[in-house]
Amino acid sequence: MRYLLQRLGFYLFTAWAAVTINFFIPRLIPGDPVQSLIARNQGMISAEAMQSLYVLFGLDKNESLISQYFDYWGQLFRGDLGISFTFFPTPVSDLLTDSLPWTIILVGITTVVGFAIGTGLGVVAGWKRGSWVDGLLPVTTFLSSIPYFWLGLIALTLLAGPDSFFPSSGGYDPGTIPGWDGSFIGSAIQHSLLPALTILISSMGSWILGMRNMMVTVASEDYVTVAHAKGLPERRVMVGYAARNALLPSVSGFALALGFIVGGTLLVEIVFSYPGVGYQLFQAVGSQDYPLMQGIFLIITLSVLVANLLADVAYLALDPRTRKEG
Amino acid sequence: MDPVLEIKGLDVDYGVGDEAVRAVRDVHLTLHRGEVLGLAGESGSGKSTLAYGLTRLLAPPGVIRGGEVVYHPADGEPYDVLRLTDRQLRDFRWAETSIVFQGAMNSLNPVHKVVTQLVDVIKAHEPRTTKAGRVARAKDLLKLVGIAADRLEAYPHQLSGGMRQRVMIAMALALEPRIVIMDEPTTALDVVMQRQILGQLVELRERLGFSVLFITHDLSLLVEFSDRIAIMYGGRIVEQAPAADLYRDALHPYSHGLLNSFPALRGPRRELAGIPGSPPDTRGMPSGCAFHPRCPKAFEPCPDRVPLLGTPGDPAREVACWLHPVAADTAP
Amino acid sequence: MTDSALTEQSPSDPVAAGPEGDLPVVLEATGLTKHFPVRRTGRAALTGPRRSIQAVDDVSLTLQRGRVTALVGESGSGKSTVARLLAGLYPRTGGDIRLHGETVNVKRGKAFRAYARRVQMIFQDPFASLNPVHTVRYHLTRALKIHGRAGEDLEKSLRELLSRVQLTPPERYIDKFPHELSGGQRQRVAIARALGADPEALLADEPVSMLDVSIRLGVLNLLRDLKERLHLAILYITHDIASARYFADDTMVMYAGRMVEGGDSETITQRPAHPYTRLLIESAPDPDRITAAPDPTVDNRHFHVKVAAPGVDNRHFHVKVADSGGEPPSLIEPPAGCRFHPRCPVAMERCTTELPPRFDVGDAPGHWAACWLYDGAAR
Amino acid sequence: MAVPAADVKAAQALPLEAVAARRRRFRFLTGGKTVTGLAVIVFFLVIAVIGEWIAPYDPSARSSDLLESPSARHWFGTTHLGQDIFSQVVVGTRSVMLVGLAAGIVATILAVIVGVTSGYLGGTPGEGLSALSNVFLVIPALPLIIIIGSAVPTGGDILVAVIIGFTSWAWGARVLRAQTLSLRGREYVEAARATGESTWRIIFFEILPNLTAVIASSFVGTVIFAVMSEITLAFVGVSGLSNWNWGTILFWAQSQQALAQGAWWWFVPAGLAIAILGTALSLLNFGIDEFVSPRLRGSGKARVKGADGRTHRMRVGFTPVLGREEKP
Amino acid sequence: GGSSNAAQSNPDAVLSVGKPDGPQAENNNPFLETSALSNMGYRWMIYEPLAMHNRVKPQEPAKPWLATKWDWSDNFKKLVLTIRDGVKFSDGQPMTAEDVAYTFQLLRDNKALNVDAVPYKDITAAGNQVTLGFAGSQFVNQVKILQTLVVPKHVWKDVKDPALDLVKNPIGTGPYTLKSATPQTMIVTRRDSGYWQEAPKVKEIRYTSYTDNNAQVSALVNGASEWSFVFIPNYKAVYTNKNPQHYKLWFPAQLAVHGLWFNTEKAPWNDAKLRQAVNKVINREDIFNQGEAGYFYPKNDQVTGIPTPAGDPFIAPQYKGQSVQVDVQGAKSLLTGAGYKFTGDKLADPGGKPVTIKLTVPSGWSDYITDLEIIKDNLAQIGITATVEKMNQDAWMKSVDTGDFEGLMHWTNDGQTPYDMYRDVMDGNRYKPTGQGGINGNYGRYKNDEATKALETYANAEDDAARTAAMATLQKIMIEQQPMIPTSAANSGGEYSTKNWVGWPDDANPYAPAQPTLRNALDIVLHLKPAA
């Protein structure tokens, strides 16, 4: 409990600092949302529109950065993330509600699955050094060295096409209407297969490797030898004694990966035209949409922090040594 | 006394080929029923390697190059442990021979409760026992070594070093094995704790009647606690004798030197001679008797020929030294 | 255990031969106290009392020129902390350290360097106290340079230093990395480094505990030789009381952060006064016990401890090891009164409440014990 | 929030690894993985240096061979402007290597400064620095790089490298901090202090040398990250990189919808080059890992011939028994 | 997948429209360019303008729509609109002059909504007539005013802040109503009844927002999208050849240009002779074919810079039919005549300084980058060393705003006459010195009183003759001064498939720009008939 409280202080500080940085960095970029909007439309919006847009976005008022900063905190405490510029006047929170589930479901599930499979293979590779699983390592290393987007594009070209089972873009069939019905969910799953595969392939390598190395380290710990000496079944030694302990360092890596679900998949979403947060962030950056950017950053920051908190809790649960008495 | 374990010509290497380190060479040793056999020798002489080798627990790159480890079960024919299949070996382990490893800190899995680790071993070997029965047994075991039963639920880090060591001893006795191997079980503890644990062990031995192979480099401890002592040097057993005899009259110059390196707590203050020189390099073991470069009494055959372990006269003793020639031939 | 054992000590030691009062005191500590703050977290941080580990409490000792003082005690009793306090590595909570009578109070910078030059420390573990990435030369050169002793003939100083710790010929060792040396050689390098500062006091924290039996002796003999040749004041920390007897002139016993007994080594080992010291000595492995003096009252379970304090009834009491609670006391909330009382077989009422001061035992000059048993002896 | 324990363990194992003669330290170089990695990196470095001279064409020069598939004249084919893709890849190597290395250096220096100092100092300044790296860790690097990248008007590789470096040091700092924390308590550091060494000397001469391997592996890690980031930046068209690199090639391929046009040659070489470089760097990283951690070191043969005539995999818990033919 | 089925047979009379705009937010505010409604173009299906103006033929009179008649008087300072009778909003309420007047009032009172910055003043409704009064001549704003979408007063009067309203349920007079909107797909369906003219054949229009061009193009190729507006490189190979019979694209020019701008205050680019020489060497053919994929921004080589054929009626007779030809020799002699010298093959200005130019472009704007690469090559032919520097978009926007550049590709505004375009290029009233930002057109910092005056005349002239004269002056200045060099025309077009629907506009029948997000989209939908 104390440990958690102590961590909480740390999290609060980190959150504050991160939010502050998130606030200032977009504002240090030259240019403004109106100009970006005009530029994006290359002549489709007339120059006259400029003034009306300034008025619209409330950028005509000259407020100091500091007072904007405090306003921002005020808004945050009211749970108000502001209004997006790109999709003016849609509240940022609405936009996030639209995009977050996609990202969380796609990337969340693949991260978890990737971790599970990767770690499982890593356990075997580390335990049975020199076996075929160990031989997989160079292949997975190569696969994880390929940039996400490139792998995605190649996958798209090779696997997706007019007559292919894999759709080439989007989160679901344009014809279907989101809802909890079979056809929508089926189509959503169908659309998520290719991006999920890409993420899996390129992320699994590092899990395998990390777990394998930990297994090799742990396998030579005395308590594993003792477990052998005790004549326990091999599986029990591998899983209960070696893997159980080797997993600990991976937990924080996994938590961090969970935290980066939101921020780390920009490219996958761009390549697969997936309607998630990553793509939204990319758009927001492109159009100087500070409120949206900030909102997404806030989500990312919070999710990283929450993931870390979860990791702490998981650590607490998994590693009794961190549980302090009294 | 009937033997329970006979080690015959055991050779253990680290690595294979030219790079290999010959850590244990041609060791012959017999462990009798109910005795405490002390194994002493300086660091790196191959004590642990011997202990792990005979149970086949050496981590890579350790390999057993040859020899036999014959186990005499309570009923049935003796068999060679080195020829057991993995399955048989697993069954053999702990039920017949248990090991208390050097550092109790590392022998217990930090993430499992004491009870889990105790129950684990019972479950693996006696799958028919009930869960409650196993836990009750674990409780009894802890009591046996003087730890309150409520410590069952503790994690290793919540116990002191001494308690952990005792948990390991309790675990070693869980299946009432006939042999307990203890590799430096007390070096990390201070003397008060050390004595407590050893006292307990000796008492348990009397009650349960197992044999102990006790490894340490603290000869003074062995003299006090064991029935017989074997001294290792450079991967070989160089002397073997009843404890008191060895203390009174060590035949091998190395044993002599070892005994002379301990300051005595009582009695007159004597000058300590120690052993000159430094331990041999495992990769380039001296020819002949490995101790000859440091031996004050080395003479003509020592650098060339390896002395074999033999009985110098007293049938209870064995020594491998040219000063005490035995009937046996010499090895090249 | 006759008095002859006493007079037998180090007849070869010219300095120690004289009465001890005559020897100049190099380093002196009085009332040395060190409390490590315990990190308070969570709710306790707001409400709970400020707690600390009382690692060292009210420790006084003196190191004299050309004399070895041993500090023994069980693990965690604060021996290393005393050494570190003396070396100036920890700020102290209380007490006073005097170098040649002058109070030292420096933490860093030039003044610390000047102090470090006169008081050097040898660390417990020769495997850990040398930086694996630096050669012997680097280690020694630094020691010489920091203390301005490098001069023009650095090479000569280096050789001299190595020969002094019997690492000869020096060329063979000077460019080696620690991992290329044996434990004993490493420990010698560590000693050479300490000597590089040309100190007056040497604080040796368990200098041999990590070493093999056959190497141990060499290092101890070397230290003794240094003491005799260079007249160093040496603090020898160990938990091997037999080696204290062999090597040290005086011995102090620590228990749970406090000094419990002190006196010359032979007296302490042969006629321990404090029950803890007795326990310690009885626990030490002693082959003679079974071979030389078979005693029917001693078995493996019970230790037969004779209390031979003058003024106290010659009582026999047994220390039942399994019951004596092997656990050292918590240093965060140490037992009131005598810290040993929960484990003491002869604990009295007052032991649980009153802290015993030092009492002269009276059987030998300078032999004292902090135990109420000797209250009468003092009177 | 812990450093992978393997690293910590590894560093602890180092000083104890007395047996390893220095000659054996570099045995990792004989491992196939490391040599391959090193060779590939050296190859790319050479191309980076001489690329401009060996490229058959000016990578920006237009020609009339519009969008041609690979041929003897254009090994990797041409772009929609008739530019030679092979030349683009070759010339683009420099920017990739430069940004990767420069960012790696910047990030590593920052990581060392922040990590080691915060680990060694402890107390408020140490905690502060550690919090700083945590904050940077929490902020997702790639979006941040994109944002800052779009804040600088015109690129220049070095500037991009500096941005990447400045946003990606945090992880290294944290690993180094954990390492330093464990080193700080080492006796040789205490011993140096007792000898009278000054703080900065302890940091630079006692602690840093022991971190070399960790620093090297964090450097390699950052280089991988920097290369990927640079390419990503170029690919999404954010960075102000004004010259050729593999990312810009992919950007052009993507914006001209090369794959839809069937111009696979536009995509494949640059992507493969990235993957090969990344693999090479990872391989090098293994090498460093194995160099640091004796336990990861492939300990000679993994299989031996057993007494029963079959080969056994060396494994924990079941020591193989060799054939007995050697003994009489 | 199911996506391709939709296009194969079309029993539901569905039209699939696509745009590469990424996920949309549910936002149907017809006044905001940022709403999904505007982005995707279904705004035109729900709301209707007062008159339908064909951008492809800007001189053609607009078709009466919600207004049956409009009369300008008082030199375009007063407009009387006659509102159509019998028009009903989709909620059944009739549309009246009140609603029209209310719409104009909204625009007047909410600066943020008045995207065209029309200076509305007096607005009155009487009977079926609405009268608008202005302070100045609205000649150049005529179409903008007539294109105003009419919103129902009974709905909007309750809206608290029209600029911040998301309009969940848009109600207009158009033939379609919003059925559903998700970030990816928005569907409008035909009104059952009550549309004031013949109902369209298309029953349902599905707007899908694809995340990027690639996705949109493949949707077009596999038939998931039947109508779109997206850049397709190598369009023949990628798109039309996949189904030459049905897959079409049509990108007619409109009255706006893209071209090379100079900061005309920076030497040597303040020299019109130099700019003219550059104009002579720029290869518009290459730009069109390579940079604009052979169709995207149509080649514009009219000497006046006015895109044809849309601009044909405005071109002064003396310039009619004249186009710029690449003429390296001519350029060279022009330069040497003006005192420039060639040393080797490098050009030096009369002062002896080598002539160089730094061309800047946002990184990622691939067509502009390509254009500039071509221009760079072209300039090398007359010894000018050009460098193409990619910078990030925001910095580039800023450099455009403050004039901190030497040369760049940029666009001009469009309008129904070339006035808007010329005004963007050379309106002295918009001049701000280099370094000062907040500029709104005239990025080249071009200052020419004659041009400024001609622009004023054109906007405020009381008769067509004066306007024609002013336009001719502007054209003359453009040719002689070349304040910027138009390279391509802006377009307003799109890709469409005739597989399920026919009746699309094309060269033969250019009744509207084929772009789903322009006002004429409704007109096109009304023209569509199921393919036989």
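Before moving on, here are some points about what is shown:
We just call them A, B, C, D and E in the order they show up, numbering each chain from 1.
The rule we apply is simple: a residue touches a chain if its C-beta (ideal position, glycine included) is under 8 Å from a C-beta of that chain, and two chains touch if they have at least 3 such contacts.
Since this is a predicted model, take the numbers as computed values, not measurements.
Counting steps between touching chains, the shortest path from subunit B to subunit D takes 1. The chains in contact with subunit A as well as with subunit C are B, D.
On a Cα centroid basis, the chain most remote from subunit B in this structure is E. The geometric centre of subunit A is 39 Å away from that of subunit E, both derived from CA atoms. Distance between subunit D and subunit E, defined via averaged C-alpha coordinates, is recorded as 48 Å.
Averaging C-alpha coordinates per chain places the centre of subunit B 91 Å away from that of subunit E. Across the assembly, subunit E contributes 214, 218, 221, 393-396, 398 as residues in contact with two or more other chains.
Listed for subunit B are residues 52, 57, 59, 86, 89, each touching two or more other chains. Residues of subunit D touching subunit B in their complex: 299-302, 304, 307, 314-322, 324, 326-327.
Partner subunit B is touched in their complex by these residues of subunit A: 220-223, 225-234, 236, 240-241, 244-245, 248, 318-321, 323, 325. On subunit B, the positions that touch subunit D within their shared complex are 9, 11, 15-17, 19, 52-53, 56-67, 82-83, 86, 89. Across the complex, subunit A is touched by residues 1-4, 6, 16, 22-27, 29, 32-36, 111-117, 163-166, 180, 182-185, 206, 208, 210-212, 214-215, 218-219, 221-224, 256, 258, 362, 393-398, 401, 411-414, 420, 424, 440-441, 490 of subunit E. Against subunit A, the residues of subunit D that register as touching in their complex are 1-6, 9, 33, 131-132, 134-135, 137-140, 142-144, 146-148, 150-151, 153, 224, 228, 231-232, 235-236, 238, 250, 254, 259, 264, 267-268, 271, 274-279, 281-283, 289, 293, 295-296, 302-303, 313-318.
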